[in-house]
């Protein structure tokens, strides 16, 4: 049994409840909780976004998220992280992903939280399609 | 009139509502919101904390918070930040401070949020008293 | 032997389907399945992807086994 | 002339009061007010502080003016 077996990592079609993630990661030993929200922004490459469509390979996405939480547990044994990614249609300002990290110390909470979002963007099989006023396009990362 | 004149920075005796801070900083241009919670932890220097008492010089605390938000506006013109610090009696796990930063880009949202909490800990006239099972002590920073 | 394919995002839209079962020869490589898709749908020729077998990233030279789940993962763009 | 003092945290507890108005001579320095407090309450001798006048940090050599608000700020420990 790994340390992150019961960790919270989920792909959902519903609005993300950040408090659920905080409750999942915060312990009495923590002095710091860092929460990151990826949100839909209005402009992309100088075009106006009407909304986004997120698609996921959900079983693999959750597996890769769990792998990332394992990486956090190895690198920062005192910390815990959680990841929830939303899919489907999202409007401007809505959160596509929320990451929470609970930590005894503030510096490491930022480092771990940033590590998680960077890894999510590299590894987790989720894609967004930008729907503009005059067309639409799947965004493909590097 | 400065850019941060209407920014949210407040000392309060009430539970902090992180959503209020997020609403205060997030714009349609943002792709990232970073929220930091400083929370009361159970152990301090190997002693068990029962609860904390926070004291503030409230007028100056809000003024120094506003100065910090000005620093953020100068250093990261595309970002906005908010700070709410709670005072009075706080139990284990409760948030003493919440900071939110809205940003077009994720990397800078972490940098700015960390900058704000570091500056709060240096400059803002707020103090905590740790109340242990066998005594109490004002914590004095460096 | 048979492998199960699932399609996502741009590849799903180009192919116009979400899943299928394919009969492939023993010892077939991931890259050979991709070539069949490109032959069917030339628009995929320029498509970048990472293959995943049974929900783990792998290489185009991966040898498939009966019952594998194979997905060609377009460059991911989740997060924000 | 008069200055208004406010006390917080450890200094408030040591002095046992939260605020007072003090009559000081023209041209009095922040450090001279501190010396009066230490004379009254020797437990303050080792107390570290940064002085603030009218809610801005300043130096012990700051020359006070009538109506100033003077606070001796113990090392801060807010945040977490």
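Think of it as A, B, C and D in the order they're written, each chain with its own count starting at 1.
One rule holds for everything that comes next: a contact is a pair of C-beta atoms (placed from the backbone, for glycine too) under 8 Å apart; a residue touches a chain by one contact, two chains touch by 3 or more.
Computed from a predicted structure; not experimentally measured.
Engineer: Count the C-beta pairs in contact for A-C and for B-C, then report the pair with the higher count.
Structural biologist: A-C
Engineer: Can you work out the whole-Å distance between the CA centroids of subunit A and subunit B?
Structural biologist: 23
Engineer: Could you tell me the distance, in whole angstrom, between the mean C-alpha positions of subunit B and subunit C?
Structural biologist: Comparing mean C-alpha positions, subunit C is 48 Å from subunit B.
Engineer: Round to the nearest whole Å and give the separation of the Cα centres of subunit C and subunit D.
Structural biologist: Chain centres of subunit C and subunit D, defined by C-alpha means, are spaced 73 Å apart.
Engineer: Among the residues of subunit A, pick out those that touch two or more other chains and give their numbers.
Structural biologist: Each of 31-32, 38-41, 106, 117 in subunit A touches at least two other chains.
Engineer: Which parts of subunit D, given as residue numbers and ranges, touch two or more other chains?
Structural biologist: In subunit D, the residues touching two or more other chains are 79-80.
Engineer: How is the touch graph of the chains shaped: line, ring, star, complete or other?
Structural biologist: It is other, because the touches fit no line, ring, star or complete pattern.
Engineer: Can you list every touching chain pair?
Structural biologist: Per the contact definition above, the touching pairs are A-B, A-C, A-D, B-C, B-D.
Engineer: Would you mind writing out the residues of subunit A in touch with subunit B in their complex?
Structural biologist: These residues of subunit A touch subunit B: 18, 22, 26, 28-43, 92-93, 95, 104, 106-107, 109-110, 113-114, 117.
Engineer: Could you pull out which subunit C residues touch subunit B in their complex?
Structural biologist: Listed in rising order, the residues are 79-80.
Engineer: For the complex, which residues does subunit D have touching subunit B?
Structural biologist: So the residues of subunit D touching subunit B come out as 6, 8-10, 12-13, 48, 52, 55-57, 71, 73-80.
Engineer: Across the complex, what residues on subunit B touch subunit D?
Structural biologist: 38-41, 54-57, 59-61, 63, 85, 96-97, 117, 120-129, 138-142
Engineer: Could you please specify the touching residues of subunit A with respect to subunit D in the complex?
Structural biologist: 31-32, 106
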